[in-house]
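Two complexes follow with chain A in common, the first pairing it with chain B and the second with chain C.
And now, the complex of A and B:
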């Protein structure tokens, strides 16, 4: 294993000698081009493209949660709340649900006289970002004086509260006979996104959906990388590593932590609003505790604190959940004469994967640079200790 | 109380208005009085030591000065401002920085990054600055990194160790990184909590020289908690002794050393 790692790093060093310094940027450019071109290969209606769209949406959530859990070290087990807020933004601001109102901004001409609030998808996404950032701050406030597992308990409870609120929201009247949510009935017929010159999206052609979520992913990745490599990103890591030392070095505890909650929540809200529109309905039953755990699993599998890890973990578990299990392997048990579908044991599969990762590669698929440094550094220190000749009189 | 004795080491230390004045500080944890009605001044540009047997309340006193815990009673004035109930990060941005008795470096960060964190309160980049990165943000980052390297060099960390994880450096270097991190916040008053703990006599002596140099180069005032009497007596212009949370004695090192109460507190009563 160590030999393999040494060989890999040797190859990497060789590649860095041969290739020009901008090769990482070139690689990123090529990957983006491949990403943009993907739907032309898969076709506009395949199950694979559908799986990809949802997987990317999950990856965006994983990237958001990674800010809170990975970078700032605040174990948030209620992330489903922001999925809910985001999805309800799509429902509230992009359907006829609030039937007493007539608001139309930048929507398809066919909707321009429909009842309810109809905003352009871009505005809905922005609304989701703002509402979720505020919700993130509110959920973050009571956890400020807590550490570690206690944060997990409080956020878990908040996730549950939001879930229950979504179910019972049909009894909360907001005036004019309208309610806050439609509970388990769901808010349905959410508007298809519409852009001038492009027209309305439809479920017959998934490509525009793909490009939209791909653009969201690129924005979120960009923001993530920029923030990580900034004063704010450093402050998060410092707080994560040692809160007392961090505040003594001039890092404002409340502001910095709340910023992590707000940014993480905003990404979750974006993704949630997209999924709401893509599903064309928001149903209170979607927002289960299991979903929070699912997103945490993505971050853990990818490598806690690592942006590329969260992306990889989100895509991987997203594909397994939305393509591999339901579309490809679902009949697998029946081939062995077993009478169940694979999708009914998907949580078992994820549990198994999580255990596998913990045993084989506990740092995750693409560990954070810092953790790699810590692990290799520890190995190097150990090697040095074992290899060093005990020298007398060399105390200094 | 605020009159200052002549400096001990021969180095001319200006004795202007106190940069920090603590008046009647008391801290009670439930029934335990950790610090009892201590008043204490630090003249600007002096090196002052706080000594006392283990459990005398020195670190508690330190934590109250830096805002980590709030005093039950009393008032702390720093640089002509009342900071008694202020937050630690605000106190740092006012110009007070500290190191810790048990080193508290950020484990997942390199030495340079650790020091860059120390500069946090002097930087301006917010979340939008970080995302859009206008030229001034890039400049600020570069300058901070450069300054961090300068400081690490100044405190005597080897160049090869700058980009290693701080917690993997030798113990003495970790202490140096911690001092560099504190200096990065551009303090007026530097608080060192047992900086020579775990050092051998040569290293301790070197640190004492370093503290004098530090004051000269950076125009600093230094408050020291220390057990190494050689360092304390050699470097301080004034020594305050705490025992059971109360001030036992205060004065020039020679006076304090001769004080019978101090001898009793440290060595016990004769006979």
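And now, the complex of A and C:
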């Protein structure tokens, strides 16, 4: 294994000698171009393009959660709350749901006299970012004194409370006969995004949707990389590694942790607002704990703390969930004479993946270097140490 | 019999003794800060207790002052001004709470010994319910079986489901937690969530995706006797009859037997325990076995008492029981029982008076309140995680 690794790094060094210094930038540029050109290959209506759009939206969420879980080391099991806030932003500010109001900013001419609040998709995304950042700080506040799995439980509780609020929001009145949410009926007929010069998006042509979420992905990736390499990113790592040492070195604990929650939540909200608009409805039933775990699984499978891991994990599980399981492998059990569809046990499959990755390769598929050392270096050393311990003969 | 299973470091070798002690308030220099610190201490001591008393006291006063509708006779509502409705809430809550207490003990034992929230525990409880219900049909229990036959059959089903869930819990520990004992703590937590989802989907394939009614073997809603206007149902008696002996038996086991002593020693300091010749691995397995067996017993009681089972019941039960364990002080068996009973009463009050659709939110709000006000719980000591 070490020989293989040495060989690989030798090859990498050789390749870097040959290539000019700007080759990473060139590679990134080529990848972006391929990304932009993708819908011309797949066609404007294919199930694959649909799967790709949703997978990218999930990858954006995974990137957001990676800030909280990976970089800052705060295990957040209530991430679905930000999905909910984001999706409800799309519902509240882009449909006729608040029928007592007439607000129109930058929407298609056909909507300019419709009832309700109708904002341009860019404004909706910004609103989702702001609302989710505030919600992230509120959820983060009670966890500041806690650590480890207690944080996980408090965030989980918050996520569940938000889910219950969404389902029961029909009975919460906000005045004028309007309610907070439409519960399990769902807020439906959310506006299609509209841009001047482009016109309204439509579900008959998925390409504009793809380019919109691709642009969001690029922005989120850029922010992620810049934040990781900033003073704030280093503060997160320091807090994650040793809180007491970091605080005594002068890192502001409250501000740093809350920034992690706010930034992670903002990305989740962006993606949630996009998914809300893309589905053209927001249904309270979709905000379940299982979704939080789904996003955690993306981060874990990709490699906790690694931006490229979160991106890869998000795309991978997004494709598995939205393309591979429902479209390709769904009748697999029936071929073995079993009477169920694979999509009904998709969460079991993700659970299995979580266990498998954690036991076999805890650093994930595309690990960050520092995390690899943490997850495997110590484990290997300890295994060697504990291996000397006799298993039998020391009964109670 | 004071045996708080105080947890120390699970990850042997990865020693990271970062205990944050609250800095002593600087009295003379900053009187405002000192006052704030004193206020915070006061809130920490009494806040949770006040929050817990708020619901029953409010509804008790409400019942006494404005009364409640007890029945409708000839089209006219009969208004009572007494506490028997509150008493009914308490009786129901204490029997629901007995089930949560059994599950909560499993959380608290495991957390005490390896500092892991065993997320799969609620789903182990669900598998216990399913096993028990499966055993009824194997044993041929139905509504026409005689009372003696039902009781005998239930005892057999109880033993089998306890053995099943105990074994299952040990298996989960071997496969998913043991390889990660020295990894960072987030790793076993994530595998625990993974196991929880796997078990849920096993349940989904086993009995389908919707709530399933099962035979009401005992007539769990039949009133046995009435105490001060509060009807005591058969289901309540069953919950207490199973829970009380099990809790006392477990207490005895932990405080009096050699394996119990080994459990306490491992909880306090696994490394020192190993140096003293205790087999830490088998002690941890034993802990999982006991926790799983209690969850299996709770599963049977739940199936008989609620007369319906569902693959998703374990999720809610698990979170309620975890809240109970934290409320009582995690790592503390008596605390888990107390917490379970309190959660049961909160649930029953909320179900009846606020609306069952809000119950989850209210219990979770209490969970957050505990974390903010008193992370060590009612009977617990400071833990490294929560302190």
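The rule is short, and it goes like this: the second predicted complex is superposed on the first by the 369 of 396 C-alpha atoms of A that agree within 3 Å, B and C clash if a C-alpha of one lies under 4 Å from a C-alpha of the other, contacts with A are read in each partner's own complex, and residues count from 1 in each chain.
Just so we're on the same page, a residue touches a chain if its C-beta (ideal position, glycine included) is under 8 Å from a C-beta of that chain, and two chains touch if they have at least 3 such contacts.
These numbers were taken from a predicted model, which means no experiment stands behind them.
Novice: Using the superposition on chain A described above, determine whether A:134 touches chain B (first), chain C (second), both, or neither.
Specialist: neither
Novice: Who does A:293 touch here: chain B (first), chain C (second), both, or neither?
Specialist: Only chain C is touched by A:293; chain B is not.
Novice: Just chain B (first), just chain C (second), both, or neither: which does A:248 touch?
Specialist: Only chain B; A:248 stays clear of chain C.
Novice: Considering only touches as defined above, state whether A:226 meets chain B (first), chain C (second), both or neither.
Specialist: first
Novice: Pick one for A:161: touches chain B only (first), chain C only (second), both, or neither.
Specialist: second
Novice: According to the stated criteria, A:329 is in contact with first (chain B), second (chain C), both, or neither; which is it?
Specialist: Once the two structures are laid over each other on A, A:329 reaches no partner at all.
Novice: Looking at the overlay, does A:235 come into contact with chain B only (first), chain C only (second), both, or neither?
Specialist: A:235 contacts chain B only, not chain C.
Novice: Which partner does A:259 reach: the first (chain B), the second (chain C), both, or neither?
Specialist: After superposition on chain A, A:259 lies in contact with chain B alone.
Novice: Classify the contacts of A:180 with the two partner chains as first (chain B alone), second (chain C alone), both, or neither.
Specialist: Neither partner.
Novice: Give the label of whichever partner, chain B or chain C, reaches more residues of chain A.
Specialist: Greater contact footprint in residues on chain A: C.
Novice: If I apply the document's touch criterion, which positions on chain A are contacted by chain B in one structure and by chain C in the other?
Specialist: 242, 244, 374, 378, 395-396.
Novice: Can you list the residues on chain A that touch chain C in the complex?
Specialist: Checking each residue of chain A against chain C gives 69, 73, 75, 77, 142-143, 145-150, 152-154, 156-158, 160-161, 164-165, 167-168, 242-244, 289-290, 293, 296-297, 300, 304, 340, 344-345, 347-348, 350-355, 358-359, 362, 374-375, 378-379, 382-383, 385-386, 389, 391, 394-396.
Novice: What residues on chain B touch chain A, complex-wise?
Specialist: Residues 66, 68, 87-90, 92-93, 97-98, 100, 104-110, 113, 116-118, 120-121, 123, 125-127, 129-133, 137, 140-141, 164-165, 168, 181-182, 185, 200, 202-203 of chain B touch chain A in their complex.
Novice: Going by the contact rule at the top, pick out the chain A residues touching chain B in the complex.
Specialist: Contact set of chain A toward chain B: 222-223, 226-227, 230-235, 237-238, 240-242, 244-253, 259, 263, 368, 370-371, 373-374, 377-378, 381, 395-396.
Novice: Okay, in this complex, where on chain C does chain A touch?
Specialist: Interface residues on chain C, with respect to chain A: 12-14, 16, 18, 20, 115-117, 175-176, 179-180, 182-191, 193-198, 200-202, 204-205, 209, 258-259, 262, 274, 277-279, 281-283, 315, 319, 322, 326, 357-358, 360-361, 364-365, 367-368, 371-372, 375, 384-386.
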